[in-house]
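Should a chain be cited, it is by its letter among A, B, C, D, E, F, G, H, I and J, assigned in written order, with residues numbered from 1 in that chain.
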Amino acid sequence: MSIPEITQTLLQAKKDQRLSFADLEAILGRDEVWIAALFYRQASASEEEAKLLVEALGLDPSYIQNLTAYPVKGLGPIVPTDPLIYRFYEIMQVYGFPIKEVIQEKFGDGIMSAIDFTLDVEKEADPKGDRVKITMSGKFLPYKKW
Amino acid sequence: MSIPEITQTLLQAKKDQRLSFADLEAILGRDEVWIAALFYRQASASEEEAKLLVEALGLDPSYIQNLTAYPVKGLGPIVPTDPLIYRFYEIMQVYGFPIKEVIQEKFGDGIMSAIDFTLDVEKEADPKGDRVKITMSGKFLPYKKW
Amino acid sequence: MSIPEITQTLLQAKKDQRLSFADLEAILGRDEVWIAALFYRQASASEEEAKLLVEALGLDPSYIQNLTAYPVKGLGPIVPTDPLIYRFYEIMQVYGFPIKEVIQEKFGDGIMSAIDFTLDVEKEADPKGDRVKITMSGKFLPYKKW
Amino acid sequence: MSIPEITQTLLQAKKDQRLSFADLEAILGRDEVWIAALFYRQASASEEEAKLLVEALGLDPSYIQNLTAYPVKGLGPIVPTDPLIYRFYEIMQVYGFPIKEVIQEKFGDGIMSAIDFTLDVEKEADPKGDRVKITMSGKFLPYKKW
Amino acid sequence: MSIPEITQTLLQAKKDQRLSFADLEAILGRDEVWIAALFYRQASASEEEAKLLVEALGLDPSYIQNLTAYPVKGLGPIVPTDPLIYRFYEIMQVYGFPIKEVIQEKFGDGIMSAIDFTLDVEKEADPKGDRVKITMSGKFLPYKKW
Amino acid sequence: MSIPEITQTLLQAKKDQRLSFADLEAILGRDEVWIAALFYRQASASEEEAKLLVEALGLDPSYIQNLTAYPVKGLGPIVPTDPLIYRFYEIMQVYGFPIKEVIQEKFGDGIMSAIDFTLDVEKEADPKGDRVKITMSGKFLPYKKW
Amino acid sequence: MSIPEITQTLLQAKKDQRLSFADLEAILGRDEVWIAALFYRQASASEEEAKLLVEALGLDPSYIQNLTAYPVKGLGPIVPTDPLIYRFYEIMQVYGFPIKEVIQEKFGDGIMSAIDFTLDVEKEADPKGDRVKITMSGKFLPYKKW
Amino acid sequence: MSIPEITQTLLQAKKDQRLSFADLEAILGRDEVWIAALFYRQASASEEEAKLLVEALGLDPSYIQNLTAYPVKGLGPIVPTDPLIYRFYEIMQVYGFPIKEVIQEKFGDGIMSAIDFTLDVEKEADPKGDRVKITMSGKFLPYKKW
Amino acid sequence: MSIPEITQTLLQAKKDQRLSFADLEAILGRDEVWIAALFYRQASASEEEAKLLVEALGLDPSYIQNLTAYPVKGLGPIVPTDPLIYRFYEIMQVYGFPIKEVIQEKFGDGIMSAIDFTLDVEKEADPKGDRVKITMSGKFLPYKKW
Amino acid sequence: MSIPEITQTLLQAKKDQRLSFADLEAILGRDEVWIAALFYRQASASEEEAKLLVEALGLDPSYIQNLTAYPVKGLGPIVPTDPLIYRFYEIMQVYGFPIKEVIQEKFGDGIMSAIDFTLDVEKEADPKGDRVKITMSGKFLPYKKW
């Protein structure tokens, strides 16, 4: 998987400005994961959000329109080879059906939306080794009958 | 994807006993998602856990050994077709790289373990439509250098 | 693709009872496409819907629980080989990106839901040859920012 | 999926001219979806249509021959990763066989043409959230016997 | 690829009755290739055709309904391994684009129908070795504009 | 599938010279399909054939050696997405086994050669819509026993 | 890859009769590799060959027709996992293009037939370790021009 | 499959020098197939071999290091589309298991090495059409037990 | 991946006899990994080894011949989904090329044999958590030139 | 698989400096395999490690940041075609399940970490031919229950 050129430019500028995603969270008023998704062109910014980001990163204003365009989404191979990303594939393979059972028991026939959806990443200090905490919240969409 | 026979037996018994996963959570002292993973033979029970479950479900004690065996894990096709499960694949496709960036910024080069790992599913009441809340917690494993 | 046994039983019963999907539409108060989806276990019925259907088809009441269970969805190979079904794959290959452009221009960044969704099939008489009219209606889901 | 260069040029010109697909529909006398398909080189224009479009977009006349050539059709990966386009794949996976049953009941053994075919996208206002309405109309082609 | 049971039954009966496809062509008034397609459940017979065939093969009348049902079409793996069938895949790989060029030059943008379609197989005597002659005739379907 | 550069050059030159494949057939004394295969570098020309073609197309003589080289053959994806080419894949999926039965009945165990092979494309006028007629003739090769 | 039942029956009978393929070579007058291909139903026997084999193996005469039928050919997965068979895949991957260059230099544009083809396996004694010698002989088929 | 640039340079130089692989065999003292494998960077030359080849082809000495480097091996797609190369894939599909049976009978459980391995291509004159003779010789490697 | 029936029988018998692989190592004089490979029918036993194993497991002597047969090797899907086995796939993806560089620097152009090969699994006590130690030893096979 | 540009630069510099991986091991105080992984951008260096390496290789200091960045990991195709690397795939196919059995017997349900992991490559002199010895050591991670 080669990382898109625009993503590389954004990441390099962020590095040059010595900004963390948390810093950008404070500047944009958007979660750091969403901002990282914007970097990878998996999300689209409003004019204002794009302007704030471009300024913070010291990029040319012409970059604004790259960030407001609606992207073609989905990155990487069918089965990811990067170990960090693969673990999410593995979670889906191992816990996908169990999650389905529990969601259906609690909500009925339907799905968790991946569009009306938020995702947070936190660091949990733990004496036995820090932990990554991921919180997803997606609207439950019941299957419509017609 | 055909569901394994033992899973069908367990699900049917749970239905016949009118037990929810939450009820089993109270009986076993294990999270409902973990128990659902046990149903799908993606996790292995201790003797005691297996005994409690088999009794609660009114199954023959011979089922105990099925539940304590260490399973071959991973269910379903390479890209899942079930919409509920697919959304987790989509989350990995769309947010996988952004999550990687944020985790690496917070923790360094490494991964979130999918083994030293817990996963909860909750129902969040919301006037605009209830939400599914998924919380994952995995130990951060830094890449060892040698 | 082998058709699931329950689907074959339902189709055979419908044939034996000389009922069309339109007849079942009248009996159940649900669209014929939705009923066909229920036959293929891609949708789940309420107790009452299942009872009505099982009676209409002259099947044993034990079939009711098969129809109310929440199914694992998605049928057939990755690329369908059946010509009728393949044409929908082809439409997605040829018109997928153009549809995306038009939807995004009209609605912004988001998707058409395939869950809060209805689909109708109609026959349009045409002197040059009858036409199949398919009408899909899905709720627009804008990408949530967080 | 990288979008072809000609498509990017056309989309950029359309943006620069502040034209919507609906505006182009009025200029060309062709449906906006068909025009979007032309942008993605999934359809071919007549000389006259190409001339009208090139003028409207303020492009060099040399672009005309790009638009009249007969394209190699089909875009994107085997299973689309973009969520908007994936939903059409999901509809085929979930509702493909049910649609086949209903079409065959109404028409006999055959298919809906994807060539003698039209597709419209409309916005349906709805208090619970606007809806995307897609209408497909394809000639029914009965299997010829010989 | 395992051959479907019904196909095996039909082929065995044909062998037992010492009938060739050419004999069946005379009995049914249908081409031998179409009849072979019926054997493989890739085509559907009328009541009358099915009756004639079942009688000719000395099978039970209950087989009639198997032959009139509308089949799920497409047989074998994505890339066929059988050398005889693979050659048709190879012809598509090697001559597909050249054929496309020639058809488009003669007819414009469109396709040869595989539904309004006939296919014949003949033996051409040749002193250097007999030849297989395959004749396909499919209606040209021009791309509809809308 | 991106079309090789040499193919684009040849097609453009043919267009600029306002020559049809039928015109080239007259000039080279080879069938138009074979010439189209040469354009796509799926066939190799003799010195003389290459010279005639290069002259007719007004190209530089240096192109001759490109046309006489023996090509690596096979174009496009595993399952073609272009609808015109896909129909040949569909014909192989639907009629492959029936054709195998009929060829074997007429010739014994063996194959139709795709090397000692010719293919013609003709336009058949038909009041119900013109038809594409494809005639393939391949030497029958019986399986050698040893 | 599960080995077909008939193959297992033939191999078991051969073992029970304590016959080697070389013994069968003497009985049938066919090469041992061809006979092994017949065992795996990749080749078809004449009535007489089948009778000789069935007698030698002490099987019921009803097996004769299994051996004279024309088989669907090709065994095992797309990329073989068995190490012995994989090496032939590897030879094709590593030496395929070099072989193509050498054959084309010696013969022109064309192929080695895999139908008018023989294959022998011999044991070559070698002090540094015995060697497997495989000899293939296939008719050269030049590409026909038309 | 695009042929690597270095391979094209080597083939062009060989053509310009009007040398056959047989000529190079005489110059290098290596088999023509091995030399063709070196051209495709599937084998690595000694300094001396590389020097001899570079001189014979009239190339710059800087090419020597390209030929002595140890290559990443394996060329072309998973299933080859080129008909000449595909036939070797077909031979593996059709005769792989039969060869395995015969080798195991003669040698025991193990494989034919594809590393301690030679491969020759010869032209056999035959009045019914010349034949390609391929001789492979690989060391038998018995499975080690431990 | 369903585990073969014979493997299940062997594993069950081992469990019933309360034998560890280490116990079987002592009985057979073969490494526990090799014995586990025999259980999964990835290795073949001598008559004597099979007899010892069958006796130790209390199985019927008829099992001997199952264990001495030469198996078709390779288990599981193309990319393994079981997390324990997947890690070996990941090691190959991440460290495959680096290992290749180091082996080639130490040995020259060639491979580590997977046939003349042993593999051990040990438990290393470690206060920070026990470690799995895997030791592979394979004969280096230099590429033969010819 | 094309090798990334940075890897080629590093390998070329190492060659120009006539350094072995063992030399670099002495300079960096890291294992040669880990250093080779760094070359292939499968591992990330500390500032100091990167500085040492860049100096040793005589590269521009600007290369430092390439080596400290956290890479996207995983190289090469789904099934590797290079014979040296493929053997590791084969080991996973043939010995994956047996290893799983032995690890689980020794440790319980869990995995060997590929992150808290080291890998060594050694040359074992052997009169019958030198051997490659690979030693992997990964922390055992037991499945957490929750």
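Everything below uses one rule, namely that contacts are C-beta pairs under 8 Å (C-beta built on N, C-alpha and C of every residue); 3 or more make two chains touch, one makes a residue touch a chain.
What you are looking at is a predicted structure, and each value in this text was computed from that prediction instead of being measured.
K.L.:
Chains in contact with chain A and with chain F: which ones?
P.N.:
C, D
K.L.:
Between chain D and chain C, is it the same set of residue numbers doing the touching on each side, over half shared, or a different set?
P.N.:
Over half of the interface numbering overlaps between copies: same.
K.L.:
What is the size of the turn, to the nearest 5°, that moves the C-alpha atoms of chain B onto the matching ones in chain G?
P.N.:
145
K.L.:
Most remote chain relative to chain J, going by C-alpha centroids?
P.N.:
E
K.L.:
Measuring centre to centre with CA averages, how many angstrom lie between chain I and chain J?
P.N.:
For chain I versus chain J, the centre distance works out to 22 Å.
K.L.:
How big is the gap, in whole Å, between where the Cα atoms of chain A centre and where those of chain E centre?
P.N.:
50
K.L.:
Once you find the CA centre of chain F and the CA centre of chain H, what distance in Å lies between them?
P.N.:
Comparing mean C-alpha positions, chain H is 30 Å from chain F.
K.L.:
Please output the residue numbers of chain E that touch at least 2 other chains, ranges allowed.
P.N.:
3, 33-34, 72-75, 78-83, 90, 93-94, 100, 104, 110-111, 113-115, 117, 119, 141
K.L.:
Looking at the whole structure, which two-chain pairs count as touching?
P.N.:
Going through each pair of chains, those in contact are A-B, A-C, A-D, A-I, A-J, B-C, B-D, B-I, B-J, C-D, C-E, C-F, D-E, D-F, E-F, E-G, E-H, F-G, F-H, G-H, G-I, G-J, H-I, H-J, I-J.
K.L.:
Mind pulling up the chain F residues that touch chain H in the complex?
P.N.:
Where chain F meets chain H, its residues are 72-75, 78, 114-115.
K.L.:
Which residues of chain I touch chain B once you look at their complex with the stated criterion?
P.N.:
The touching residues are 1, 3, 79-83, 86.
K.L.:
Where on chain C does chain A make contact in their complex?
P.N.:
Touch residues, chain C against chain A: 30-31, 33-34, 43-44, 70, 72, 100, 104, 108-111, 113, 115-119, 141-146.
K.L.:
Where on chain F does chain E make contact in their complex?
P.N.:
Listed in rising order, the residues of chain F that touch chain E are 3, 11, 20-21, 32-34, 36-37, 39-40, 42, 73-76, 78-80, 82-85, 87-107, 110-114, 117, 119, 121, 123-124, 126, 128-141.
K.L.:
Within the complex, which stretch of chain C touches chain F?
P.N.:
79, 81, 83, 86, 90, 93-94
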